[in-house]
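After this come two complexes, each holding chain A, first together with chain B and then together with chain C.
And then the complex of A and B:
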């Protein structure tokens, strides 16, 4: 299938991008790597009148090493993270997650901001940023604000982004050297969307025993204290016990937890 | 270096394919070319009350009413009782499957044509849809073709009295076995570009096509114009598998439009169309019983089989090919006393069935091999022991089996022994007993089959197929510079014929394959052929090439004999030269050719006036063709928490007779294996109760990728067929026949101790977990 007709703008600075989005309202969509939006355009599941290409915006290309966190600009590709071309404050967790996203060809263009804004529940960054308690940085007509990653995805393809707002980056906290983590996902086929994700980040210096159950029907389920973990009970928060979905999600949590001990 | 039959010569065509320089229909650009998109039915079954063209763009949209004079596609089997259905190229009266074409929209670009298609308004009164072949057979089912008394294209019966066997059988295994509907997914979709050549007063049709001559004939019949005014060219084809062995309604429509508009018109199928409108293969159901003695020796097979044949009979193979095949090949490579089989080709509200690599052999192998393993479990014997006890032994060859199939040659038990040994079966049994540290359960499985290929006239006539192959031809011409041109009517879509037939020429004429040019795919340049299907080309086209080369060789030696003043019999053809045996007197093929073309005064008086160009015809010594065979043996690890199956090892022992190019054969097997794994574990097009296809993208319809397909160990046996030129047999489909059965048997071997036996392909995690849960409850 071929996309329906659309107009295309590639603003060179953030203010211009925000103006375009505010004026077009729901008729505009932001384009970054195009790895999620492209197929939707081609299948005509999305028919925006205007595409605003944000890849030229300097703010979205920044990567900043801050005191307690690393700011990763929205247009940073999965490949850049996988390759370590971006500082990794998570003791290897970010790189491991990036490496497992789809296929390398997709990772060469797909972006962390695009993935979060698209909010496909099966997306790796949706789960990974939630368990890291990352902060999503948003810029809009009202200025800049941050949203906790766990609060950012509201449901399937639905986020806390308001009208005319752009996701400019994500602030990932620096884990201590004593941190341990695991990330386990089940795909029917290598490179395809996850059917279930289980992930844990343990950082005694922060008092963290965080976990997440991802690839659900909506927002990932964050486990604030994973010291007492009942995978079946967590899975039951989203799925009926006895179903296939419940089983694979419980197993994902179980295996992610077991991977911590290795 | 040997470059003839048997050489692992690198393929000539790979020079362009591996560099992305193949030329497919989509690569062709023509001035004024426009693109077509079809508005397709979103309803599986309904009465068309009206189709409204987008206002202001009516001249760019065409419905059935506009295509007056274009005849529907009709593919009637000659078998008694076959019910005829006409497939209009654009829907008329009723729609009968989701994806059926309602209107043809043309614009400067495909995107704009899709805009038009989206604006076409179809007023369709929905009717209850038939989504399942078993329900289609119920008397109360909605009628798909209202002039029929039921939803059955054809019923076939092979009858036998089983009373004696039933009384004697110590083991009786009864199962309901099912394979899912699939989409074939060649990398290149269907494609057609048509235009009118005013100089030649011809419609020219470029199409990715396995049978260009049949397409030409079909277009002639549908459009009502004579063959001379149609020229079909199939350039490079990016995968066929049967998907492009069909007279397409899209091709008829685009050809008609090219004639009407007087400009080049193109349609390129995309993956969405392929999945949502053309999931058209593999869906079988078997109610099957195997009777055996206490040792697992087969006494009889009794079966009722249904094939989901979709809504229309497609040309040229018809709706009943697969079910008719089921009846005659279900016995497989085994001996048995009695055999009874009834089949139905059921009509449903789905795309019409096409034969997909392996055709019915994949389904019957699945059915009978699962029964054989069940018999083995009942007899408490290893699966391979039960196979060895029942396979037709080599000393019985040639063997006429219980359905009168003529097995020409082979050592079926040896293939099993070698595959089992190659896998290291007994070693894996030991590992299975010990268990894997991560808790996954090991299972061993195997499947054996024999594959009838290059079946000819009487077989296809016997199946009532509207297209019956006869002799195959090759036109061979030795050029003035010693280059050999071979023209055949079949066409490559992965078989590597440009290389294989150059090797055949080398074998007979000593000519370097680099100096041999294969011309195929073009109806203006090649002899008529039913095309490439049924693994027939190595035997049929290869035999024709060999026969033609033999004749050229005779003529070359007659001329050279005169020139070198020796008897023709004293001349040998080696290394591109004609040599006097036992001496070093020689001339090149080019020098001989030069005399024919440029110095006829030097020719012998009795030179053949046909010169260095000849057309030779060929068919295998028996119409029943060849029987290649193989055993696939596999080890799996089943994760019983996730239902996930990993293939740990895979071994194949196959016998394709004499292999013209063993590397090409290996490639065929790898590709078939990948598709077989798809059938076994991944691929399924589900339909809901409204006969809506549910997997419209490749994230839902899962194709195995490199991580899912292991590299198999392939062991070749080469028992020459006594019926073909070099002893070669057809092997193009074998790789796709056995994997579903072998893998299912392995999974069942892993899970038998847990009381689980899976009988439905694909064996998905959901099905495994459901079966484990059900077994636990029991």
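And then the complex of A and C:
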């Protein structure tokens, strides 16, 4: 259970990091908190030739208030969000999601950006950012671009990140004080990856009745208008009715919707 | 090989490490600090939990090379720590260990619970301990030990 040999670089500025990634191509992996990549390296499921540690890049550590959103740098830890050490523009939704991720020892090092870029469909931020219609900010050799969170994850551990690109941060919209939200996930044991996630964000000021079915076998399923919700029908978009997976996803949506009404 | 300089239990340490060497192997094999135990080596069991920069972390999925400049505190570094002393006494009194393999990690997590969540109830303590697996005492004693220290500290804090 030891990682295969790899090289390690910790650049101090984004340009140098992009250069390292471009030169190494597919043989390089970006390392942030390492709470998902670390296990994969130890299990030798990942055997990159080079790790580029991005925790020294100032842009990825930034958190800043923008007009309609808060930009949260990729290297912001789950624990920093859980503790309210960074502003939460979502009336408490981000803090609730953060507290439920894995275990505190993992949350102290694991990062928002790392979790999104790793793109395990069961990861909490994948679903949470999709239902919030957050924007993923990406920097690459061609400059900066943004991707809607719902379009960022393409499948299991597959994202819209191109070769040589780095996830810089995520723009989380500010919700109004009238906003309501719910987040319900099913795990076999506290802290394990979810088997099903249901989440809703309602913000009348934005005209939002958004929902998401997460922890699927691919991208999260976004529900654009949750006012008329048929959980079994949504679950049927990803799973055959009658199966365990269909049932548990339909129940997650039902319970998340019920939590919204309380 | 990469050169790293970090603080371990208050002492400055410099060493040449292979990037693939994780922090727990570095502590055990280079510094002979064998109090940090390795269980699953993929971040699930919690046996290797120690403190990095003032917060608990998994040393099996943190590479030593990524700890350049960090302040690491292992179970050996808590000898004179008042909270850890109270936890050690409570673990003894409540029979919170049997084989002792998970204990260094349990204590690292327990110290975080006591300091960060002084008002935690039993349900919260159990939730917070979910990332540390014990295969012999069955958690009852461990939870009781943490609850005992929380109660002691609440008692000491009130007039």
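In this section, the second predicted complex is superposed on the first by the 262 of 262 C-alpha atoms of A that agree within 3 Å, B and C clash if a C-alpha of one lies under 4 Å from a C-alpha of the other, contacts with A are read in each partner's own complex, and residues count from 1 in each chain.
Keep in mind that, in the parts below, a residue touches a chain if its C-beta (ideal position, glycine included) is under 8 Å from a C-beta of that chain, and two chains touch if they have at least 3 such contacts.
This one's a predicted model, so the numbers in the text were calculated from it and none came from an experiment.
Peer 1: Looking at A:251 after the superposition, I want to know if it touches chain B, chain C, both of them or none. Which is it: first, second, both, neither?
Peer 2: first
Peer 1: Figure out whether A:193 sits in contact with chain B (first) or chain C (second), or with both, or with neither.
Peer 2: first
Peer 1: Who does A:35 touch here: chain B (first), chain C (second), both, or neither?
Peer 2: second
Peer 1: After superposition on the shared chain, which partner residues are touched by A:105: those of chain B (first), chain C (second), both, or neither?
Peer 2: The second partner, chain C, only.
Peer 1: Would you check which partner chain A:44 touches, where first means chain B only, second means chain C only, and both and neither mean what they say?
Peer 2: After superposing on A, A:44 lies in contact with chain B but is clear of chain C.
Peer 1: Who contacts more of chain A, chain B or chain C?
Peer 2: C
Peer 1: For A:242 in the superposed arrangement: first (chain B), second (chain C), both or neither?
Peer 2: First partner only.
Peer 1: Can you list the residues of chain A that meet both chain B and chain C?
Peer 2: 1-5, 39, 43, 189-191
Peer 1: Can you tell me which positions in chain A touch chain C when the two form their complex?
Peer 2: Listed in rising order, the residues are 1-8, 10, 31, 34-35, 38-39, 41-43, 51, 53, 55, 79, 102-106, 108-109, 189-191.
Peer 1: Give the list of chain C residues in touch with chain A in this complex.
Peer 2: 2, 18-20, 22, 25, 40-44, 46, 49, 52, 55-58, 60-63, 65-66, 68, 108-109, 112, 127-128, 130-132
Peer 1: In their shared complex, at which residues does chain B touch chain A?
Peer 2: My answer: residues 109-111, 114-115, 118, 270, 272, 641-644, 682, 697, 699, 702-705, 707-708, 765-766, 769-770, 773.
Peer 1: Spell out the part of chain A that touches chain B in their complex, as residue ranges.
Peer 2: Counting only chain A, the residues touching chain B are 1-5, 39, 43-44, 186, 188-193, 242, 244, 247-248, 251, 254.
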